[in-house]
């Protein structure tokens, strides 16, 4: 059988070690430049963590186009995952949070939307990751989606593996995909109402019965400070 | 006719029948979640070897099973199938609820898709706590069930009100 | 003749004993067993969901071909048995006759083989 | 035992077979009725063999069984062909299928 | 349970009854066969609706969600240390391995690094949980193909691995041992020697399987050439782990990923197989168990001394940011995409689980095979329901 | 009837031929009754699988008849080939042509009457002629035929038909394979 | 020995009653022995477990518990099922088993029937169970059952043929179809003029023995030929819908048939009730013959169960190919070779 030696040489070094100095990541920067040129005005933003990871953000219209470029030009043949993010702050404030009985004074109900490292301005952001198994370069692709029940092109023609991921996103976030072969619920019963991963989906059990939260243990002298999570199972 | 049912059997015979039920518990081979592996360990691992106790893990169809171990999380999507599994087993049948999830929802007590306890849909004879319970705990549960079967009054069992799930 | 018929009467009786055994077991069972009939119980088992589609659906045509070949070779076997039991008497002549018989049928097997019927297509 | 017992039994079976062939339109049923007829013939053959204390009758019965096996094989194959082309095995409509 | 919740509960159950009747329209001559949710072949509760023509599969449609427990939502209401309790239960056979990428992602956001000893112990446990996981596969695949005995040997020898995991972590099944910035405890006394004995047991188990299963002619005829997945198709569906390596793709995150574990300091080999069939998947996994044993014994010999926890605050708040970390878990690539807003709880956690992608190829790969091969292929793809349904 | 059972209770020694005769007649009556009933059910039942199972009963009855006639080899052949093989072939054939389990009503009534008429006519004519020609012809076989007898007959007198059978079987195999092939 | 002489001078009805009782024993005893000894104990030992231990010493009363339990189980049949066919199937299967046990001789005078066509009858009745299985599969109106029934029937007919043809070599050598005479031929036979151990046909018919073993393995639907009841594919095949007593009867039938087939193999190839060094006509064999036969039966069924616990299962088409491409040609070859040798020597 084949051996690991046949592998291409450009494997990145241990990222954690190289994180100390400020290094310029040639590969990723080149990649970002290349894809920005290809996409033109549809390319919005990018973020590179040197030697570790790269994010790009494209417009909703160029979503499928991006996949094609990534697949064909950059040989990102490995489909990793596809998901979405709901940036809207939970309308329930901290009620749903585990920390409800452990509020520090600075924690307050947030009202403003706040986006991740590549920014954004819409409620939903689509997030996908593809990978090139040869050069071992992975890229996170994001796109802002318009509206409360957005619709976007499907990736299945390029990555057949996106099929189930898109179904999952559909049922979890209510984002539908154009031209998807089988747009039905994946996990939940068809009659399930609501989209659980939206921030405004309430966990009813929690409302009925408050979460015991972190049991704030007084530290014994000399005790390690890592045993604060024992309360998960006893309900 | 069901002589067992109307309790017209002489005592020693009832005892005999109870004992034979006790030592011949065919258990349905089906696991739900994490606990299924511990159940599998109890069934298949030479260290635990549940067959010693006369629990025979042969049947793959509920039609031949006497005992079902609900081992793991029951989700709302799964619940009708679990219910049907129970329905399709022939009487007399026993249920062991294994693990926190099957008992009460366990770590998923606040999930939107998990049934909080299998006893909401089917009657349970023995609860085995743990997340997951060790195989020894399941063995303990089976032994408890066997003790219960050995001294069971079938007439009482048959004439008990059926558990209604609306 | 009477010895012969008695032997076969025994055959009949044994068939009867078999059926009797089943009946006795089932009878005993029906004395003891409970009956708690619910509609769900009477639904076919199909991995815990409602049965879908036609229960008695079409079988694979392969089965027919194999059964057909079995029938024909079975008939062959019927003719081999008396030959086998009396081979000493028939000697070389019987041997040759049977070889021709087996050979012709083996041709059938060969035909099916060559036509790739023995594969599961 | 009388020879006639067997002959009449076989006649009755034969007629039931004929009735089946005439009334049933299902191809498989027709074949089964033919089996019935062949069986009645066999009973006849063996009865005569016993009557004459001669073996050839029995050997002929064996041959009839062999022929029946071949007949069923081919007959069922034809029924299958019919079924594949027409999705039923109703022989009544077969005359409409010319060529 | 209050009224609202119980009404919701009951309506789910009622709705589900109708959902169980999911019928794929297409009333052809064929037969629709349900494998699952109560079916021994589906490792639990996967349901596969296969449409048959005779015994040949015309189309196969997996229906999942019978084990969907809502991890991604629940992580949003658990603090970071509490999340490990949950994610333990995703791939329940190699529980410890589930914690590692999550902890690594959180560490990356917090910009802490576990001390070397912790990393070594982590890697040892990571590989032990791989052994515990894949050993069971080696037996289970045989039992799916009808050989009853190997699974008993698998359970027998797996017990010893679990013992070792238990004696370090205290949890036989769901250790919940990894911490942000290190691990919970140090190794107990005598553990290293015991583990070496266990490893030799596992080695002999592998040899046994090589004889009993791989060397068996019937096993070979049942698996060779069955369920062939070409490399590009596999990649496009996102197959990972041994599934893709047995299609000839030489890609292993333990070697190529370069995150937080110390695989790059060990001497081992990535096995691939050019065939991409069920047999290759079994064979590659068998070799990987051996490689894992090799790795663990090297770790046992070279484990450095030092602290096991980095300096982290008692109440963990992760700084705002996004991070994605994936590791080569027993089932394939498992990754966590964590979005933090600086709270006690993650804002969003996307769990990229291996089996979900691995199983998503089933409609493609099952087309045109025979019913017995469905079993062989499903078994060789090796999925765990919790890992699919999360 | 009682005579028959009494005859069974007596000792091991060979029965007198009268006793054998009584026993044979009793069994003949029983088997014939079962056969005719099963045959009637077979041609009238609407479920083809049931029909095939009734055919099994008829065939088993025929085997019994062969035994009564002392033709052991033919009887066992009947079981092996007919019950063990041809019925299985029938059952496969039925399951291959599903959807035909239904009823076949319609304009059958007319044909039904005709068929009954024809059948009864044939029974009447043949039975009449049988009774006329064989009247009280006794079957008085003393010993059952043996396998050796059958073999000697086949490999002596009937060697050509025997070889012809092999050709017939080959032809049937090839013919039905050609007909039933899926792809063409 | 007078007892035995007496026994054979009983009236027919007395003999028949005795035979029926012995027949019941001959069916149920092997079934029970095989289930307990092999299915429970040997399997467990091979899998480094203990097997049933609690019910009685070493779990020896386990079988009684099983019967007692199954007696109390509810009797169900699916609404869609064909009731009559569904209920009649176990009768057919068990009747086939009982007819099969008939031909086994257990001593010079200890036989159930002694007919001219014994071998032929055994093979004929063994094929009746196919109908029972098809009835079970079709009558259940369940897909798993139907597929299982069809698979079982396809498999049983495919392996019936090697079974029949493999015995042919024995018949040629013994020159008779009578089972008792086959045993005597082995007892009185000589190997190149040396009659020390008789001539058990396994020596000359080793190929036939192997084919016969493979064929009975398949006839019994034991692994590696257990596709009809493959639980990881079609749940329990044609048994899927059977509950309680009816299931147990199928179970008994399966294991009783296993025992009887093993005994047949022992009779055809290993000398049956005979052990070398004793006079085969001696009355002693009426006493020890059954024990010898059971011993040999256990030996052969050990092989069957050993394979059962060791091998994975074939696929349906591989099974058919094995039957038609390997076993049938080989057994035809065996017939030809045996015939030639018989005529030449």
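In this document, chain identifiers A, B, C, D, E, F and G correspond to the written order of the chains, with residue numbering beginning at 1 in each.
By definition in this document, a residue touches a chain if its C-beta (ideal position, glycine included) is under 8 Å from a C-beta of that chain, and two chains touch if they have at least 3 such contacts.
Keep in mind that this is a model prediction, so the values were computed, not measured.
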Between chain F and chain G, the fewest steps along chains that touch one another: 1
Of all other chains, the one whose Cα centre sits farthest from chain C: A
Selected interface, A-E versus B-G, where C-beta contact pairs are more numerous: A-E
Chain at maximum distance from chain D, centres defined as averaged CA atoms: A
Distance from chain E to chain D - Cα centre to Cα centre, in angstrom: 62
Separation of chain C from chain D, taking each centre as the mean of its C-alpha atoms, in whole Å: 20
Centre-of-Cα separation between chain B and chain A, whole angstrom: 41
Shared interface positions of chain E, touching two or more other chains: 1, 12, 16, 19-20, 31-32, 34, 37-40, 55, 65, 68, 70, 73, 77, 85-86, 152, 156, 370
Contacts with two or more other chains, residues of chain F listed in rising order: 24, 68, 70, 72-73, 77, 80-81, 84-86, 88-89, 92-93, 95-97, 99, 141-142, 144, 147, 150, 152, 154, 165, 169, 172-173, 176-177, 180
Per-residue overlap in chain D, given as positions that touch at least 2 other chains: 62, 65-66, 69-70, 72-73, 76-77, 80
Residues of chain B touching chain G in the complex: 4, 16-17, 19-26, 29, 46, 49, 51-54, 56, 59-61, 63-64, 66, 90-92
Touching residues (chain side chain G, partner chain C) in the complex: 12, 16, 19-20, 23-24, 27, 70-81, 90-91, 94-99, 101-102, 112-115, 117, 119-121, 138, 140-144, 146, 150, 153-154, 157-158, 160-161, 164-165, 168, 171-172, 175-177, 235, 240-241, 244-246, 248-249, 316-317, 320-321, 324-325, 328-329, 332, 335-336, 339-340, 342-343
Chain B residues touching chain C - in the complex, by the definition given at the top: 1-5, 17, 61-63, 80-85, 87-88, 90-92, 154, 158
Interface residues, chain G side, partner chain B - complex: 40, 44, 47-55, 59, 61-62, 64-76, 144, 231-232, 235-236, 239-244, 247
Sites on chain C touched by chain G in the complex: 4, 6-11, 13-15, 17-19, 21-22, 25-26, 28-30, 32-36, 39, 41-47, 51, 55-57, 59-60, 62-63, 66-67, 69-70, 73-74, 77, 80-81, 84-88, 91-92, 95, 98-99, 102, 106, 109, 112-113, 118-120
